[in-house]
Every structure is written in C-alpha cells, then in structure tokens.
Amino acid sequence: MSAIVAGILLLAGALFSIAAGVGLVRLPDVYIRMHAATKVGTLGSGLILAATAVHFAEASVVLRCVLIIVFLLMTAPIGAHMIGRAALRIGIVPWGIDREPPGDR
Amino acid sequence: MSSFAANLVLAAAWAMLFGAFTPLTIVSGFVVGYGVLWLLQPLVGRRSSYFLRVWYWLKLVVLFLYELLLSSIEVLWEVVTPSHISRPAIIDMPLDVKSDAGILLVTNLISLTPGTLSIDVSEDRRTLRLHAMFAEDPEAVRRQLKSGMEKWVIDAVEGT
Amino acid sequence: MTATGFLEASTTLGFVAVFIAVGLAVYRLARGPSLPDRVVALDLMTVAIVAFCGLAAIRTGEAAFLDVALVLALVGFLATVALARFAERQQLRREEEAGK
Amino acid sequence: MTDEPNAAPAAPGLAGLLPVALSAVLFAGFLALVPQVADGGAIRLAWDWVPTLGIALSFLVDGLSLTFALLISGIGALVFLYSWAYLGRKPEFGRYTLFLTGFMLSMLGLVLADNLIALFVFWELTTITSYLLIGFNHEQADARRAALQALFVTGAGALAMLAGFILLGFTAGSFELSVILAQGEALRAHALYLPILILILAGTFTKSAQFPFHFWLPNAMAAPTPVSAFLHSATMVKAGVYLMARLHPALSGTEIWMWSLTIFGAITAVFASVVALRQTDLKQALAYTTLMALGTLTLFLGQESGYAMTAFATFLIVHSLYKAALFLVVGNIDYATGTRDARILGGLARTMPVTAFAAALAAMSMAGLPPFLGFIGKELKYAGALAVASEPLVVAGAILIASALMLAVAGVVAIRPFWLPPGGAFPRQPRPAPWPMLTGPVILALLGATFGIYPDTLERALVAPTVAALLGSAEEAKPLVLWAGVNLPLILSVATIVLGVTIYAFKLRLRAALARAEAALPSFDAGWDRFLKGLNRVAVWQTRVIQPGVLRFYIFVTFVTVLIGAAGTMLARGALPALPSLSTVTWDGLALSLLIVAGAAIAAVTGSRIAAMAALGVVGIAVAMIFIVFGAPDVAITQLLVETLVVVLVAVALLRLPALDPPGTRDRRPRDAVLAGAVGLTVTLTLLAVIERPLDRSLTDYFETASWVEAFGRNIVNVILVDFRALDTFGEIAVVVIAALSAYALLRTTDKRRPE
Amino acid sequence: MSWLLATPLALPFLTGVVAFLLRGRPAGRWISVAGNVALLAAAGLLMARVLQSGVIAGQMGGWPAPFGITLVADYLSAVMVVITAITALAVAVYALSDIGARAEKLGYHALFNFLIGGVTGAFLTGDLFNLYVWFEVMLISSFGLLVLGGRREQIDGGVKYVTLNLISTILFLSGIGLLYGMTGTLNMADLAGRVAAHENQGLITVVAMLFMIAFGVKAAVFPLFFWLPASYHTPAFSVSAVFAGLLTKVGVYALIRLFTLVFTGDTGFTHHILLWVAGLTMVTGVLGAAAQTDIRKILSFHIVSQIGYMIMGLALYTPFAVAGAVFYLVHHIIVKANLFLIAGVADRVAGSTALARIGGLYKSAPLLAVLFLIPAFSLAGFPPLSGFWAKYVLVAAALEVQGWIIAAVALLVGLLTIYSMTKIWAEAFWKAHPDGRDPTLAQLDPGVRRRLLLPVGALAALTLVIGFYPEPFVTFAKDAAAQLLDPTAYVVAVLGDPS
Amino acid sequence: MEALLAVTIGVLVAGAVYLMLARNVLRFIFGLVLISNAANLVIFTAGRLTPGEPPLIPEGADAPVGTVANALPQALVLTAIVIGFGLFAFALVLMFRAYTSLGTLQSDEMRVAEPRDDGL
Amino acid sequence: MNSVILRAGTRYLAPLLLLFSVYMLLRGHNEPGGGFIGGLIGATGFVLYAIACGTAEARRALRVLPQNIAVTGLGIALLAGLAAALFGDALFTGQWLFLGATETEKGLPLSTVLVFDIGVYLVVFGAVLTLVFAMEEEI
C-alpha cells in the first residue's frame, strides 16, 4: 500500500518537476519563469520527499522529510523574492506590460 | 515568543533531528538551543506567547498546501498550452501584518500560491510589491490576498 | 505490475524527471538572457537536487541521502541570494557610474 | 692611472710590519730546510681533511716547492715592507694586508700541497685573494673590470683543471701527488690522458696567462704596484708554471705535451715581448715582459732535457728577482713623480739614486748582461733551446727575438727614466722614496748580481734540487757558470745584445709600427668586452624568451610540459589503455556526465561572467550528484556547501571586477583549445589505463572492520578523517585557517590605490 | 618515537597559534623566536636519535602502517628538519627587525610558523597524501607571506606564483589519485613494493612523470620555474629568505624521495629525463641571473640554477651523486637564505637592491662585505667553502660515470655563477654609491643591527664550518645516499620486518 | 561506469585548461574550480565506484553490511575539496586585489614584478 | 541588504542553521556530518546574516573575531591530537571516555576525537567567516 502511495506521489512529483523545467524554458519572461521554478519546482520536490517519507515510514526519516519540505518552503520564496527584486531593479520590464515597471527608480 | 519558549522549541527541534525524545536529546537540545539563542540575541526580539494559535496554524497549513497545489496546476497549464494566457502585472499592496514572522509568512505564502509572487517589501514595511500572472484587475488581486492569505497569517501569528 | 515494481518504475521516472528539469534549467542558464534568468535556473536546479536526494534515498533504502537534501534545502538558497544581490548591486553601480 | 700612494712618507703604524715578520720567519724556516732538501731529502707532512673523499692536507717540500716557497716568502717579506710605506696610511691598508697575507699563505699552500684537491683549494684561494687585491682601487671601473677579468679567466681555467684533477685522481687511484707522480707511465698510456692533459693545461695556461689567455694580466696592473710586484714576479702567474712543473714527471714526455707547451710558450714569449716594447706605461711594459717570461718557462717545461730543466729552474729564479725589483722600482718612480709614462719620465737618477742603482742592476740582469744571474739564465735558455727535441733553431730564434726585446724593454724601464732627460713635466715635484721602499729593490737587485757571480750556491741549493724534482735525479742538472767558453749560446747572447740595443735605438719608430700592427690585429682585451656583451645579450635574449613576464605563456608551457611528459611517456612506454567497456554505464551516470560536459563547455566558451559562474555551479552540482549516486553523502554535502560558498564569494568579488573580455573582443583561442583538448584526452587515457586492473581494497577493508570496533564510529569516512588519518585533517584545517588569514591580510593590507 | 617525530611538526603550529592570538603584542613576536629555538632543539633530538638508530618511524594515531599515517625520519629527513629549524630560527630573529607592525598585526608570525610546520611535515611524513597536505600548508602560507604588505609588485608576482603553483598542486593531487587507483595504498614504503609489483610498468612511468612535473614546478626546474623569478624578489626580505632557502628544496626533497623510493623501476627513462632537466635548469637559471640587475632577482634566478645541481645528483643516481645532491641541498639552504637576508641589510643601509642605485658598501660596511662574500663565494663554489664541496662531489660523481657533458655544464654554470656573484660584489660593494652616500651599518639602531646581523653571521659561520670541516657532512651525505638508494631499512622501519 | 567518468573528467580538464590559458585571470579562477572538481573526481573514480551504498555501519553491526562504497577515497576527496576551497578563496581574493591595485585582470598587462624593460 | 523579507527570513533561518550545524557536528562520527560539514553550515548561518543585515551587524552578533575562532580551533585540534601523549599513546590516538557505561550500553561517548572534530568545526566556521566578512567589507 505504502509503495503505491509513494509511487503515486513520485509520479506527481516527477510531473511537476518536469513542468517546472519546461516552464523555465517556455514561459515568456523571468517573472513568469519564477512562478514556475518557485511554486512548481518546490511542489515537485516536496511531493518526491513526501514519497520518501511514505516509503520509509520511520519516524526519523519522516521527520527529516518534513524538515526538508519546511526548509524548502521557507527558503524558495525568499530566493524568488531576491531574484524578482533584482530583475525589477535592473529594469527588466515584465512581459505583457508596455510601460516601465513601477519598481524602476 | 519568549526566549524560554524559543529555547524549548529549539530543544524540541533538536530532539526531532535526532529522531528521539529522550532526556538526553532534550537536555542537550536545550543546552545547544540556549547557546544558539545567546549567540543570536541581537536577532531575536521580544514577542508575546503564541501557543494559543495552533488552530490558526493548522488552518493556515492546510489552506496553504491546497493553494500551492492549485497554483502549480495553473502554471502547469500555462506551460503545456501553446499560447500564454497570462496577463501579468506588477502590483503594490498595502500590508497590515507587522511582525517579521508575519511578513515572512505572508510573502512566502503569496509567492507559493497561484498567480502571485512577492517581489519586495518597502523599507517602511507597509507595502508589498508583487508580480501577478493573471491581473486584468489588480484591485481584485489585492482584495483577494488581503482577505485570504494575509488574514490567515494575522490570525495565526499576530491575532490577539 | 507489483507494488514494488510500480514504486521502482516511479522512482526511475522521478529520476528522469529530475534530470529533464535540470537539463532544461541548464538550457535556461546558458541562454539567459538576463542575469535573473540564470539565477532562476540555478535555483531550480538546487530544488531539483533536493528531489534527487529523496529519490536516491528511496532507491538505495539509505536515509543518509536525506541529510544531503536537508543541508541543501537550508543552504542552497544562499547562492541564489548572493547572485541576486550581485545582479542588483551591479545595476546600482552602473547607475552610480552613469550618474557621475 | 696611478695608485695614489701615501701622500706623506711618514711611517704608519707598526702593526703593519707584522706580515713582514711573518713572511720573514717563514722565509727563514724554508731556508733552514734547504740543506736537507738539497741532499735529496724531501719532507712530507699530512693531516686528514676529508678522508671520505680521499682529500688530505698533505704537504711536500722538495726542490721545486722549496724554490717557490723561498721566492714567495722572501719576496713577500720585501713586498710587505714596501707596502707598509707605500700604502700604510690608507684606511684600507688593514684589508689590503689581510688579503695580501692570505694570498701569500695560499700561494705557499699551493706550492707545498701534495694533494691535488688541496692544491686546488689553495689555487682558488689565490684566485679569490688576487681578485680582491687587483680590485683594490675598487671605486675605479677599470680596477673592477680587471679584477673580474682575472677572476673569470683564471677561474674558468681552474674549473676545467678541477675536472682534470678529478679524472687524474680517479685514474691514478689517489689524489696524493706523490702517488700520482710515481705512475707516469700508466697515466700517459691511459685513455683519459689526453682529456686530463687538456683540462689541466686549461688551468695552467689561463693562470700563467699564456697566449691567447694572456689579456687579463696587463689589465691586472690596476692593482697597487707592490701587489703587481708580488703577483706577477714570483707568485700567482707562476702558479700555472709551477703546476706544469709539478706534474712534469707524470704527464710530460708525450708529443702532445711537448708540442702544446712549446708552441704556446713560444708564441706567448715572442708576442709578449713585441707588445711589451710598445707600452709607454712602465708597469704595462713590465707586465708584458712577465708574459714573455711565462711563455719561456712554459716552453722549457715542454722539454725533457736536463738543459731545458736547468734553464727553467734558473730563469724562474732570475725572473722573480729582477721582475719584483723592477716593479718596486716603478712603484718608486710613480711615488716620486705621480706618473709612470715612459715618454715623460727622465732624469730621476739625481733625485732617487738608490732606486736608480737598484733599477740598473735589475735591468742588467733582465737584459741578460754579465755578470748578472740574468746572463747565466739567458745562456742556459739558449742551451736549453738548442737541446729541444725538434726544431731547436726555431725555438732558439724565438728566444733570441724575445731576449733582444727584453733587453730593449729593460732599457726603457731602467735607463730612460733615470738617466735620460725628461720628455715632459711630471704631475708632481719628484721626491725620494722612504727606506722601506728602497730595501726591496736593492736587496733583490743585489741578489741578482750576487748569484751571477756566485752561481754555485744557487745551483746546489735550489736549481739542482728543482731539476731533481722534475726529472727524478739531480744528476740531470747542468752547471750554472758565468763563463762557459765560446759556444753557440754565447754567440747567440752577443747577437741578442746587438739586436736588443738596435731595437732600443729605434724603439720610437718601432713603437709606431707596432701600434699600427697591433691595431690591425684582433684585440683579446676587446674580445673580453665582446664576450661579456655577448654573454649579456644571450642572457637577456634567453630571459626574454623563457621569462617574458607574461603569465599566459608560463601556463601554456607548463601545460605543454604536462602533455609531453604524460602523453609522450604513454606512447614511449606503451601504456595506452585498451578500449574501455561501457557496459556498466548507467543512464543516470550518463545524464550526470552530460551535465558536467555541458557545464564545462558553457564555462569555457561564455563571455558572460554570470553564465560562467552558473555553469560552474552546474558542474559542482552534477559532481555532487555523482557523489550521491555512488554512495558518498558526506562528500556530496561538503561539495554542495563549498559550491555555495564559492558562489557567494565570487558574487561578492565580481561586484568590483570588470567584464571578462574587453569591449568588442571575444575569447577565441584555437591553439589553446587544441592543447586543452590534448591534455584532457591524456587524463582520460591515463585514468582508463589505471582502472583496467582491479583495485586492492585492503586499506578500506581494514577501515571497515576497525571503524566501529576500534574507533567507535559508524561513519567510516568521518572516522578516517578524525582518527585513522587525523593528521591529514589537521593539515587540512591548517590550510583553511591559513587561507583565511592570508586572504584577510591581503584585503586589509595597505596600498589600496585604485586603478586609474 | 612518535613524540620525537611529531614534535618538530606540531611545534610550529603551536607556536603559530599562540603567536597569532598574541599578535600585535611584544610577546607575539618573541613567541616565534622561542618556538623556533624549541624547534631546533626538537630537531636536534630527532637527529641524534636517527644517527643512533637509523631510520625511525612512528604510527600516528597508533594505527599500523600502511593504514594510518606514518611519520618517518631517515638521514635525509632528519637533516632537512634540522636545517629547516636552523633557517627558521635565523629568519625568526631577523624578522624581529624586518617585519613591520602592520604585517605582524595581520599575522605574519603565525603564517611564518605555519609555513615551517608545513615544511617539516613534508620532510617527515611517510604518506603520499599527507605529503600533499603539507605541501598545501606550505603553499598557502607562502601565498600569504608573499603578498603580505600588498605592494603592487607583490600582488603581480603573487598572481604568477599562485597560478602556477596551483597547477602543480592539482597535478600532484591527481597523481596521488591515479597511484592509489593502481596500488590501493598511500603509504610510501608500501608504495615502493606495490609499484614495483604492478603489471603495467609503463603506466607507472606515466604517473611518475606527473609527479616529476608536479614537484618540478615546486622545485622550480626547467621549464617550470617561471613563478620563482617572477615573485621571489617582491616580498619582505625575511620572507624571500625563507622561501629561497626552504620552499624549492621541499620540491627537490619530494623528487628525491619519490624517485629513490617509489619510482625506481624505469630509471633509464625517468632519471635520464631528470638529467636533461638538471642541465637545462642549471644553464637557463644562470643565464637568467646574468641578465638581471637587481640583487634579489639575480639571487632568485640562481635558485633555479642551483636546483639543477641537486636534480643532477638525483639523476645520476649513484651513491656518490645522490650524496652530492644531499650535501648540495643542505649547503644551499643555508647559503641562499643568508644571501637574501644580506640583501635585506644592504637594502636597509644602501637604500635599494637595484644594483644601479646602490654602492659603497665595501668601503663603509666592511662587516657586511665579509658576511656577503662568505655565502656568495660559497654559492659560486669557491673552496674551501661549503659550495665547493657540494659542486666537487657532484662533478666528481658525474665524471665517475663518464657524464662528461653534465659535468662540463655543472662547471660552466659554476663559472657563470661566479660572474653574477662578482657582479653584485662589484656594483653593490665596490662601486661608490651613486648618490655619494657612505652606507654604514652604524646608521641602524643597535638593536636592529644586532637582530639583523646575528642570524646572518650565524649562517655564515655555518657555511664556514661546513667548508673547513666537511668530513662529517660528506660522510653523513654518503650515508644518507646509501639509505636512499637501498630503501630496505626505510621500508622495514615503516612496515615492520616482513620475516 | 568508471570509463564514462574518465571521459567526463577528460572533458572537464579540457575545459579547465582552456580557461586557465585565457588572458583574463578570472577565467583562470573559473578553470581552477573546474580542474579541482576534475582532480577530486579522479581520486573518486580511481577508488572505483560502488553505486548506492554509503560507507556507514548500521546500528547493531560491527562492520558494513554487504559491499559499500570505498570510504578512503571519499575521505581523501573531502579533504581535497576543503583544501581546494581554501586555495580557491585565496586565489579569488588575490585576483580581486590584483584588479584593485594593478587595475587590470588581463594577465598580459600585469608587468609590475617583471617590467618590460627589465635588465635590457 | 535592505530587504525586509530576507531579514525576516534570516531571523529564523540563521538560528536554524547554527543549530543544525552543531547537530551535524555531533552526529558526524556515526552518520553523515562532522566538523567540516558542521562548520560550513554554521558559517553559512552567519554568512546569511551578513548578507541580510550587513557585516557590522553579523560581527556584532559573533562578538569574537572570526580569525581568532579559526586559530583557536586549530589549537584545539592540535591539542586534542597531542593529548594522546598524556595517556602514553602515539599522537592523534583517540582517547575515549564512555560516560555512564553499563554492561549493555556504551554510555555517552566523550573523546579527544570529538574534541578534534570540534576544532575542525571552529576552524572551518571561523575561516569561512573571516573570508566572507572581509570580502563583504570590500564592497
């Protein structure tokens, strides 16, 4: 049973991971690509770690997996914020906006 | 969060790391945690207790996970469809949340949830600038975030 | 297909997915065009390695690999932060120089 | 160009007389040994020095060495006395005395040494001390040049000679001269005889200033006059002659020995006496006559006959006596007038009668007039020349020309300045020399006369024993007589005098002609300058080529060396690997490899710093993944952490650094790419060859068993780090600390000038 | 045993740590001197023990060889440690007056002592990877010392020094990896046997070449020496003295160690190449020196040239020749370090090390002149100074095996060495000072003068001792060579008796 | 698998050498990072690859169960990584300082210690 | 770095990193971790701090000069190695003490090996911070 749950989680994780990668390549500008990397990438990895937790089903491993996911959720958005802020300050105009971004000072 | 509480939390985290709540790990965790807190005194300010907000926390976590899944599927859709349907915008949103924890949570959650990505908080901590993917109506986005994510966070972290 | 077989296949697929993600990130890294683009790519790679560690743990049954993931999850974003800051500061410097 | 002797004649401190006493005592000591040696009783003393290398401080007193020792210590005493008055009030007199004493002692060591290597040590000590003495007037560029020239030329010869000594020692099985000299037959028959001979002659010819190595000697006249008197009469330049004489029993008797010594000696003698006549500086004139004497002595040493050896021994002594006397005389003239220019000097007999007297005696000895010892010497020279093995007439002719020229030069040096009217104004009002400066010339000149009249003493005491040392038996020595009846030598002597006087009479015209002739000939002295210039040019050229100051070149050469070293050896030693099997390749491994390749490629070609850095990050991450895949979590964690810190540091550093390529340029370097590819391929091939055979895992097996049981750790890698190989780890953290301290110091250090 | 071996290694680190924590205080500098006195004592004890009982080995951590790390001292190691201690003490005293307060505050004494620790570690270790570690300790300390002060030429020289040495480091590390992959061991005594037993001797030779190149860079041989003349004239005089004396010698030591102990299976190839390297190193180095006009630059190129002699001894690979190399090594460290120290004094009193800008030292600083002449003429190989015996043994060893050309090269290079040494002498000492100054030692503060001249005098005295009384040193070198060429004793001391 | 890594290392080295030969010393630094990785991989590969099993001794056992990866090269690589980091950090700071005091990163222009007209 | 978000995050991440680093140090003998890794992670905590709040702030929090920490760590490691001599063993021989050991339980292991690893931790921690702070202060 746990193997099947883990497997499904893995598949979902795999799907989102690929989506994150494709998004990074396909999406039109850095801001939107960040949406892909940050959200989808984190979710993909989180799901795979969830699968790991399910697979091992040991307290120590589960705890570690939870910690990893928490850490990821804590750090990934901070990273994204830093990148986005830099992009804005560099003056990268978001795709689909015809004017100077408001952040450009 | 009082220093003592913080210390307890760290001790617990320590024990979790070792995967066993034995007296040895708790005590050693407390000692290590004490050391860490001592080292980081300038960083850790004084805060009120927060044990009562467990419920709000749970709610926050569940809602958040749901939103994360939702947003990912949204992006997934954007990725797999041949054309880009997004209408992005940079939006400034006033912030009511005040504490570090609150700001961190709000911005992180906004980043991880559908269509929005925190980009910066102004120096006076009053405004959050974010990138929204589907922002035909910026005002709607603002409203939605304020009543959703920010409210949940305030409930969980800063509520009375 | 047995449950373990299914898990194994999913693990393999997981690996493939991670590699594809990393590969695509490398593409973005090489292409740019902007500095933040490259940083995003690196950031995604970090996150992908975390997944990779989880997969490695599943495949070998060895929880030790989770320690790698743990470290990376905590520390990996530091590189992103540093690079992002670089991008931003560089811009500031350029403006300073232009202003002079 | 004069020595600037003491301004006032007042006697300086008495301490300056210590070396006089020392050399006098030594002289007396040696004199006391004369009877024993004359009776054929050589004295040998030996102390161990470097027994492991067969080197002993052993000394031999026989006729040859005793003759030299007497000349050295005797003339030394007189020169020290002279110097005391001549230079004693100069501040540098202390050093001067020290060096000169050192020189004298080294010279004594040289002639007395019975061990080749010990002899060499003394030989080089004379080189060093003479270097310091020739450079006495060190603030003058000429003196420095002359000192270097002497050092370099004689040093070069000495080094060749050292090789010759070593070979000689190996061949003879000992460095002891007594042993070597007893093996003449065997040595001459040995395959190494020729190289040994050439190498040793290189040393003696340079030291004794044989043509074409003669040019340093006249320049060495930059030394103060007493130094010249000492070095160029009896001592340093005669060291080469001494050594040829010393080794005569071992090495002589072959065609090559005979011809090389005869030819070089003859050429040197004639050449030098011709050039001597041309000189207007009295000291220079004497210097060239010294060359003539050295050539003559060398010529005789090429022979085997008793006449030649007797001539050698006699002329050796004759020359030492009159040459030292004349140098000192010139010193007095210089002291008196401030010049040594023969064209100006004249009429000094009145002001300095004693010097004039000594000069006259010495000059007559030099000119070979009876009844001076010089006459006997010249007679013997002719006798010796006529007794040479082949071409006696040519040799005699050479000696005739040389002797006649010598006579003319003697006139220039000793007659003209004293007895003829001056040719111009002197730099200063002539003044008489003080007594210590007269003692030497007078005694030496008188000795020349005394031995001329009573040659037997000299014959028995020194000449015969010297010949004995050369030929093995005192019986071979020919008698020294003033009147041997009318014979061919006497006729030649008369011819010499006639020719000499004629030359003297026409010397001005001859001088001009010689000057023209010399100008037409290549100058060896100018050759020295060309040599130095050439050396410098080669050195600079080489430095430009191999040390151009361009880092890129250095790195390129280093990698080329790596490539040649590794790939070349691989080909030369047949170490190429077989085609590897790729059957164990896993797809994840392949993916990671591709990732690394992509990262490396991007890093290598990109012009964007951030792309390069990110590419490095990719490589780092991929490598970490390899560590994960192959079971190395500790390494993977470390790798990732380090990678992160690398990015952080570079990101900080880049903030102040400029773009990789200057605007408008791109980094494309096909040549470098080829080299890089070749190096990479070599690494691959080597590694493939290494992994062809299975690994011996015994170390790891031990660690695996001992890790928990004996070292109480379950993480074997960590146990290795902190226990099994803790010393590595200690060194490693030391590296980290030091790197941090160094980098910190570098950043905090001064001189923060920003670029323009 | 373990103590005797580890003390010379541990002491400098301890000294460095204490000196750093006390930096900026007077005690910090004297700790360095005291630590080096203790180091000299420890080195002396070690030497006494080695002389008494031959090769000694100590297993660090108590783990038996080849599993743990073994420290070994044979004659060569012991004498290198002693000579290191001597040089270090001399430089430590000299540095008291040479190094400024700023550099001290930034940790000069710590860096210096760590460097010495790296050097002694390299000499004492019996483990190849551990050797790498000590090399790195040495290298990184030298980086720091080289650029301490931060003058522009220091930075420039530092860039070249650092880049080229890093390449060598990587080569060394890779070589270790490859050798481990072939033999499964890192212990050098163990390697000796396993390398000989390896099936693919050609491959062993390839790896041997990698080591030769890696150490060749460290030793500054042709054509890998660029970093040395590019940088050695730039740092503080104490620093360049200790570099000149010790650093390249560690490379030479490593070459000698590996090419007498481990890589001896293909000497016809490897040592023949070494012989070419030796000759070319001598010639290019000495010609490089001839082109220079600054004392320190001349001396730097001479280091290169002199390294050639040591390599020549190794390359000839006879007991006599290796003895020559050992003797040369010892002699050269003393002499070269001393010459750099003297250059420092000359710079102090005459104002520069550029020959065109100084002069007059012979007249006004005769003591310095004497102190210069001793090492200078020793370096040039004049008897009876130490350098003569060094050259003598090597030339004799070459002639013994009919190495005519290399002997000729050695002699010729000796001649050109004379040329450069007399160039310094003539320009800095004999020539009048171009500014008409009379540079005297008396112009130095008496304390400063003592601290500068005491080490110089001591090293010069040592040169004289070796020169006038060479017998024990020659005997020692011969015994050391015998040990090197028959490593049985070494292997047994490390691995135990196989029987 | 070792063979594949051997090839990969070769490429890595080639890239590194190409970078190190560049005019800009910053590229040398990049090359240094690459070649350090390559050297570490050489050690790791020469110690042979064992997929999966880290050299850990499970609770209750006295020695690793089954074949585990070769621990010794791992320890060596770890040491080498840390040392490499130290060297890299210094080199980076040096190049940084080189730029601030010499005003260039182009090695051809770094001619202070060995000036162009030296000794000529 | 004037980022409110980063500073807020750092407030929680930096202590976590420090805590985690000590954890990695202590468990290193039995599981992945050890002095290097611990030291690197601990340093990362302060690096983050320095980036987020500035070097001056980070130095204030650290109180001690990082280079002194590093050098002290080196001294500790060395003394841990030399301590073996007090027990008559070869240098760098681990000396173990099992607190509260019983027949079945080994008890809490204390050893010079751990002290050595703590030295390693301090060295890496101090050295990295020395470097990063100094570099940060250049810009």
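The chains carry the letters A, B, C, D, E, F and G, assigned in the order they are written, with residues numbered from 1 in each.
Criterion: a contact is a pair of C-beta atoms (placed from the backbone, for glycine too) under 8 Å apart; a residue touches a chain by one contact, two chains touch by 3 or more.
Given the structure is predicted, the values throughout are model-derived calculations rather than measurements.
Asker: By the touch rule set out at the top, what is the minimum number of steps from subunit B to subunit D?
Answerer: 2
Asker: Stepping chain to touching chain, what's the minimum from subunit B to subunit E?
Answerer: Steps on the shortest route: 2.
Asker: List every chain that touches both subunit C and subunit E.
Answerer: Touching subunit C and subunit E alike, sorted by label: D, F, G.
Asker: For the pairs A-C and A-B, output the one whose chains share more C-beta pairs in contact.
Answerer: A-C
Asker: Where centres are the averaged C-alpha coordinates, which chain has the largest centre distance to subunit E?
Answerer: Farthest by centroid: B.
Asker: If we define chain centres by averaging CA atoms, which chain lands farthest from subunit D? Would you check?
Answerer: Centre of mass proxy via C-alpha means gives B as farthest from subunit D.
Asker: With centres defined as the mean C-alpha position, give me the subunit E-subunit G separation in Å.
Answerer: 36
Asker: What whole-number Å value describes the gap between the mean CA coordinates of subunit F and subunit G?
Answerer: From the centre of subunit F to the centre of subunit G is 24 Å.
Asker: How far is the middle of subunit C from the middle of subunit F, if each middle is the mean of its Cα atoms, in Å?
Answerer: 22
Asker: Using mean C-alpha positions as chain centres, tell me how far subunit D is from subunit E in Å, no decimals.
Answerer: Their C-alpha centroids are separated by 26 Å.
Asker: Quick one: which residues in subunit F touch 2 or more of the other chains?
Answerer: 20, 25, 28, 38, 42, 44-48, 52-54, 56, 72, 78-79, 82-83, 86-87, 89-90, 93-97, 101-102, 107, 110-111, 113-114, 118-119
Asker: Which residues does subunit D have that touch at least 2 chains other than itself?
Answerer: 540, 543, 547, 549, 551, 555, 559, 613, 629, 631, 633-634, 637-638, 641-642, 644-645, 648-649, 652-653, 655-656, 683, 687, 690-691, 695, 697, 699, 703, 714-715, 721, 723, 725-730, 732-744, 746-748, 751-753
Asker: Which positions in subunit E are in touch with at least two other chains?
Answerer: Residues 13, 20, 60-61, 107, 110, 129, 133, 136, 140, 143-144, 147, 150, 152, 159-160, 163, 167, 174, 178, 181-182, 229-230, 291-292.
Asker: What are the touching chain pairs in this one?
Answerer: Those chain pairs satisfying the definition are A-B, A-C, A-G, B-G, C-D, C-F, C-G, D-E, D-F, D-G, E-F, E-G, F-G.
Asker: Hey, which residues of subunit C end up touching subunit D in the complex?
Answerer: 15, 19, 22-23, 26, 29-30, 32, 35, 38-39, 41-42, 45-46, 49, 52-53, 56, 60, 62, 64-65, 67-68, 71-72, 75-76, 78-79, 82-83, 85-87, 89-90, 93
Asker: Quick check: in the complex, which residue numbers of subunit F touch subunit E?
Answerer: 20, 25, 28, 32, 35-36, 38-39, 42-48, 72-73, 76, 79-80, 83, 86-87, 90-91, 94-95, 97-98, 101-102, 107, 110-114, 118-119
Asker: List the residues on subunit D that touch subunit F in their complex, please.
Answerer: Where subunit D meets subunit F, its residues are 540, 543-544, 547-552, 555-556, 559, 580-582, 584-586, 589-590, 593, 596-597, 600-601, 603-604, 609, 612-613, 616, 619-620, 623, 626-627, 629-635, 638-639, 642, 645-646, 649-650, 653, 656-658, 660-662, 667, 669, 672-673, 675-677, 679-685, 687-688, 690-691, 695, 697, 699-700, 703-705, 707-709, 714-717, 720-721, 725, 728-729, 732-733, 735-736, 738-740, 742-743, 746-747, 751-756.
Asker: Hey, which residues of subunit C end up touching subunit F in the complex?
Answerer: Per the stated touch rule, the residues are 56, 59-60, 62, 64-65.
Asker: In their complex, what parts of subunit E are in touch with subunit D?
Answerer: Listed in rising order, the residues of subunit E that touch subunit D are 13, 20, 60-61, 63, 66-69, 102-103, 106-107, 110-111, 114, 117-118, 121, 125, 127, 129-130, 133-134, 136-137, 140-141, 143-145, 147-152, 159-160, 163-164, 167, 171, 174, 178, 181-186, 194, 199-203, 205-210, 212-213, 216-217, 223-224, 226-227, 229-230, 266, 269, 284, 287-292, 362-363, 366, 377, 382-384, 388-389, 392-393, 395-396, 399-400, 407-408, 411-412, 414-416, 418-419, 422, 426, 429-432, 470-471, 474-475, 478.
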